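Per-chain residue numbering starts at 1, and chain names A, B, C and D are given in the order in which the chains are listed.
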Amino acid sequence: MDAVSRAVESFYGLTTAWGIPWLIPALVIMTIVVSIILGYISVAAMFLIWWERKISAHIQVRFGPMRVGGWHGWAQSIADGLKLLLKEDIIPSRADKVVFVLAPVVVFAAALAGYVTIPFGPGLIVRDLNIGILYMVAISSLTVVGIVMAGWSSNNKYATLGALRSAAQAVSYEVPLVLSLLGPVILAGTMSMGRLVDAQGGTWLGFLPRWYVFPQIVGFLVYFTCALAECNRLPFDIPEAESELVAGFHVEYSGMRFAIFFLAEYANMFAVAAIATTMFLGGWQGPLTTQLPLIGVLWFLLKCYFLIFVMMWLRWTLNRLRVDQLMDFAWKVLLPIAFANLVITSLVVAL
Amino acid sequence: MTPEQFLEQLRTQFGAALTEAEAKGSVLLLTTTADQGYAVCKALHDLGFEYLNCLSGVDWTTHLEVVYDLSSLHHAAKVHLRVKVDRADPLVRSVSDLWKAANWHERECYDMFGVRFDGHPDHRRILLSEDWVGFPLRKDYTDERLVPYTDYGLEEKQAKTEAGKGAPKPTSAAPKPPAPPKPPAPAG
Amino acid sequence: MSMTTPIPIGTQVITERLGETMEEMYVNMGPQHPSTHGVLRLMLKLDGEVITDCIPYIGYLHRCHEKIGENRNYVQIIPYTDRLDYLASMAMNFGYVLSVERLMNQEVPPRAEYMRVILAELQRIASHLLWLGTFGLDLGNFTIFIYCFREREMVLDLFEAVSGQRLNYAFYRIGGMAMDFPDGWIEQCREFLTWFKPRIPEYDALVTDNILFQKRIRGIGVMDGPTAVNYGLSGPMLRASGINWDLRRNDPYSVYDRFEFNVPVFDTCDVWGRFLVRRQEMIESVKIIEQALEGLPSGDIQAKVPKTIKPAAGQAYVRTESPRGELGFYLVSDGTPKPYRYKVRSPAFCNLSALTEMMRGCLVADAVAILGSVDIVLGEIDR
Amino acid sequence: MTVQLGIFYILAAFVVWAAAIVVLGKNIVRAAVALIFTFCGMAALYVLLDAEFLAAVQVLIYVGGITILLLFAIMLTSGISSVTARVVNEQTPFSAIAAIGLLLGLIYASTRGNAAMAAPPRLPETAPFLGRLLLTTYALPFEAVSILLLAAMVGAIVLARKE
């Protein structure tokens, strides 16, 4: 992807030649990049919503959206989005207005901010921070703050209960999540996502690609379960357990705010899948990446969408866990496994 | 233990209190008075009838009746106990301590017939709202909203067919049901 | 024996019965709640997530069924019995019609008897399928709901072919049946049976053998044998607490004694046991229907019955095994065409009365599973 | 340099404004939310100082952990939302003295151009650098702190265990 970096250099050179202070072109580049990311994520989220409905339909022996916009109702999520746009935004009377309005913003911002360090392609990374993965995890913990704010401010007993549960769930699943991510970091010796992907190039014994999922299979499974819990996906979707707490924390939201929560959930799902592919499945590594630079992006997206497919698949076959089972599972099962995995990997690396 | 043996045992134990006691097939038909009701139930419970199928009230216009249908999982016998209760002050000792099933059944019997169960843990109406006046299933229950159901068609049709047969018989003497009262002024 | 306890007004009783300090949190589940299967209000007293007390409020769907029954003649009551347990109307008709026949000592031609058993068992499968679907939905498994309804749809088509109705059939008559099977119905029924038999292992893969599902329903809503009998529970609730009691075999009515089928009994005494009982019952019902279809005699389907049915004065309590448990009809006749007293003993009414005891000490998420396992239908509870 | 200074001033103003809300805010939940924004602002300040690792840890630990538990505490004490926090209390004179003292100290340190306050040295990649430092020169305090945390956790569990 040196073509892109060459273009950026020439652009910088041009602007400095005209004597514009370096800030302006930097800002311009940033806005372009952010708009690309924003555009991609909203389109991806829309696609994921449609895709989930189709997958759930075929799992359940039915068709799913077929009519809106021609072939297999591809425009269904756009129609939903428009509908939600036109819906009236109700704020409950005794709700805490400021916090109520701020909650979806925090949730969506957290979901978006995570995309800064995701390497979509060989050179395609917004900012290769050398603390890449730590930044991602820190940002993803912000979504919980948003959920708690939403739950509390809508002044509704059910919403508060939902918010309490989601806070407890997120806190207890964040620890094994971070620990399981340390495995690949130890193997690669770096936290920056770009270099992590480079470290996973090449193959072992000729046929097996050097992805970290093979040495770190335990870490990957622990990560994947915690990721499900982070995005509140079934079987860990206690916060919006429809049958018990009637839609959990976003029960009082309607119209565009509810759409934001909805999009944030899918954006979060994509972010989590992206981290998993970068850390464990070798990001954009794959055959032919040296010859055709663009093929890397394809590999990355294929892996991401496969993981998302597994998430959706789980949602429509498993049932929900109870709150205490969920907590015990996190503290008594996932955490010890994550620690053990960490110890073993560091031993192996040390020897 | 066959129903006859149960019968002998109950007769020896209660004698006159059981106003009626006979075994019809595998069913023991017993009737007793209100104050003996609990004692008979206790005896039946100890005899092995540990399953209370159904507890229902019946309004015989002269008196009320609380009917216990008991059965046993081990013996092939069933009991149909009818306890006569005075209509003015219907009071029976609650059997919810013998069979917990009786708890809700007795509340329904109170709700529908007004029979009060002394010693019932949670003596409230169960189906109707708490402030409901009157006991609907009693025969003399009147409610202005209740338009008596006139058997449209059936009697007239019969009368016509008999008349149609040519034999000029007087139409059946069944009194015409009273015309429905004019709809009441909407309650305030 | 003076009246010891004055009649407290409802609300006053509640405050003093739950009189402890108010720091526990009250959550009202229902009457409009996605998982109360109808208009039932549960007042749960929560201590954190744990339920300390649960008071069910019923009566929202009370239609004075019994008062209407006393103003209708015996044939006119049949369509009303459909509306009792609207998910198992055939079983309700069956129970009512049997009790009137017992009152009149009315004979029923053998072909009608077999038809009754076939339709009642089909209704049991349909009712258990609906239960399994909504039970899975309560626990968060959406797919099992769609699978169960796909099968239930085929049973409803069978019922529609036979009676023209999908829910309230009013198809049984006193002394026989309304109409005979249309031609081709028996083949359609056999097709359904061959389609349905391999479906149960499919559900097992999705639900029964699924560890997450078992973890959710093992060990909650415990009700041991003797207390179950004391509470008057019946049907799957009783057989899941280790009591081997099924009216179709222990107190056989109609022609059930001619079919051999075994009654599933589990002694786990919890929601898991009820799940297994109902799942196994579906398989047994398929066996009964097959035997009944084999032995279906020919002949007329309606015995000679007087134009207006006037049973001699007397009374009868007849109990049958509806999908939810022991359905009893207590009929008192006084010689007129209208019953003098008409009482329905509803299985779900007794099963629900034991809910408080099963709920104590469980979590809110369990409350939904326990209520689902009791399989209540408010139509027959409130009458 | 001016741009960086400009951004610094904006961020500093934002942090001070959010902190003010935390202190002066009536509604306790709104104060908690303002606290979250203060921590985020501080994380941004760390980034300005090229201490990325510290910024990420700040967000992860403070925002993701401590404020969540704070909100947890607020939500679990029922009836908290009706209680409005009393802003002004009797110890105003003492707190005024302490605040002014701190202010003077800061002004003195920044005007005298103390070496530590000047621009920090350009650190290489902070994370590995910190890692090596922690496990070599500062190994002892690192172990001591971890034991302290362990003790605190065990204490919490013992306290929270239901009798």
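Here is the rule we use: contacts are C-beta pairs under 8 Å (C-beta built on N, C-alpha and C of every residue); 3 or more make two chains touch, one makes a residue touch a chain.
Note that the coordinates shown come from a computational prediction; the quantities given were computed from them, not determined experimentally.
Student: Determine, using the mean of C-alpha atoms as each chain's centre, which chain is farthest from chain A.
Tutor: Checked the centroid distances; the maximum from chain A is B.
Student: Going by the contact definition above, tell me which chain pair has the most C-beta pairs touching.
Tutor: B-C
Student: Could you state the distance in Å from the CA-based centre of chain B to that of chain C?
Tutor: Roughly 23 Å, centre to centre.
Student: How many angstrom lie between the CA centroids of chain C and chain D, rounded to a whole number?
Tutor: 62
Student: As a quick test, compute the distance in whole Å between the mean CA positions of chain B and chain D.
Tutor: 75
Student: Take the average of all CA coordinates in chain A, do the same for chain C, and state the distance between these two points in whole angstrom.
Tutor: 46
Student: Chain contact topology under the given definition, line, ring, star, complete or other?
Tutor: Looks like a simple chain-to-chain line, open at both ends.
Student: Pull out all the chain pairs that touch, please.
Tutor: Pairs of chains that touch one another: A-C, A-D, B-C.
Student: Residue numbers of chain C touching chain B in their complex, please.
Tutor: Listed in rising order, the residues of chain C that touch chain B are 1, 3-5, 7-11, 13, 17, 58-59, 62, 64, 66-67, 70-73, 226-227, 229-232, 243, 245, 250, 308, 315, 317, 319, 326, 328, 330, 332, 340-341, 343, 345, 349-350, 352-354, 382-383.
Student: What residues of chain A sit close enough to touch chain C in their complex?
Tutor: 56, 59-62, 157, 234-235, 237-238, 241-246, 316-325
Student: Help me check something: in the complex, which residues belonging to chain C touch chain A?
Tutor: Spelled out, the residues of chain C in touch with chain A are 25, 27, 33-35, 49, 136-143, 146-147, 150, 206-207, 210, 212-213, 215-216, 363-368.
Student: Note which residues of chain A are touching chain D in the complex, please.
Tutor: 21, 23, 96, 98-99, 102, 129-131, 134-135, 137-139, 141-142, 144-145, 148-149, 152-153, 160, 163-164, 167-168, 170-171, 174, 178, 190-191
Student: Which residues of chain B touch chain C once you look at their complex with the stated criterion?
Tutor: Interface residues on the chain B side: 35, 50-54, 56, 58-59, 67, 69, 73, 80, 91, 93, 99-101, 103-104, 112, 116, 118-120, 122-131, 136-137, 148-149, 154.
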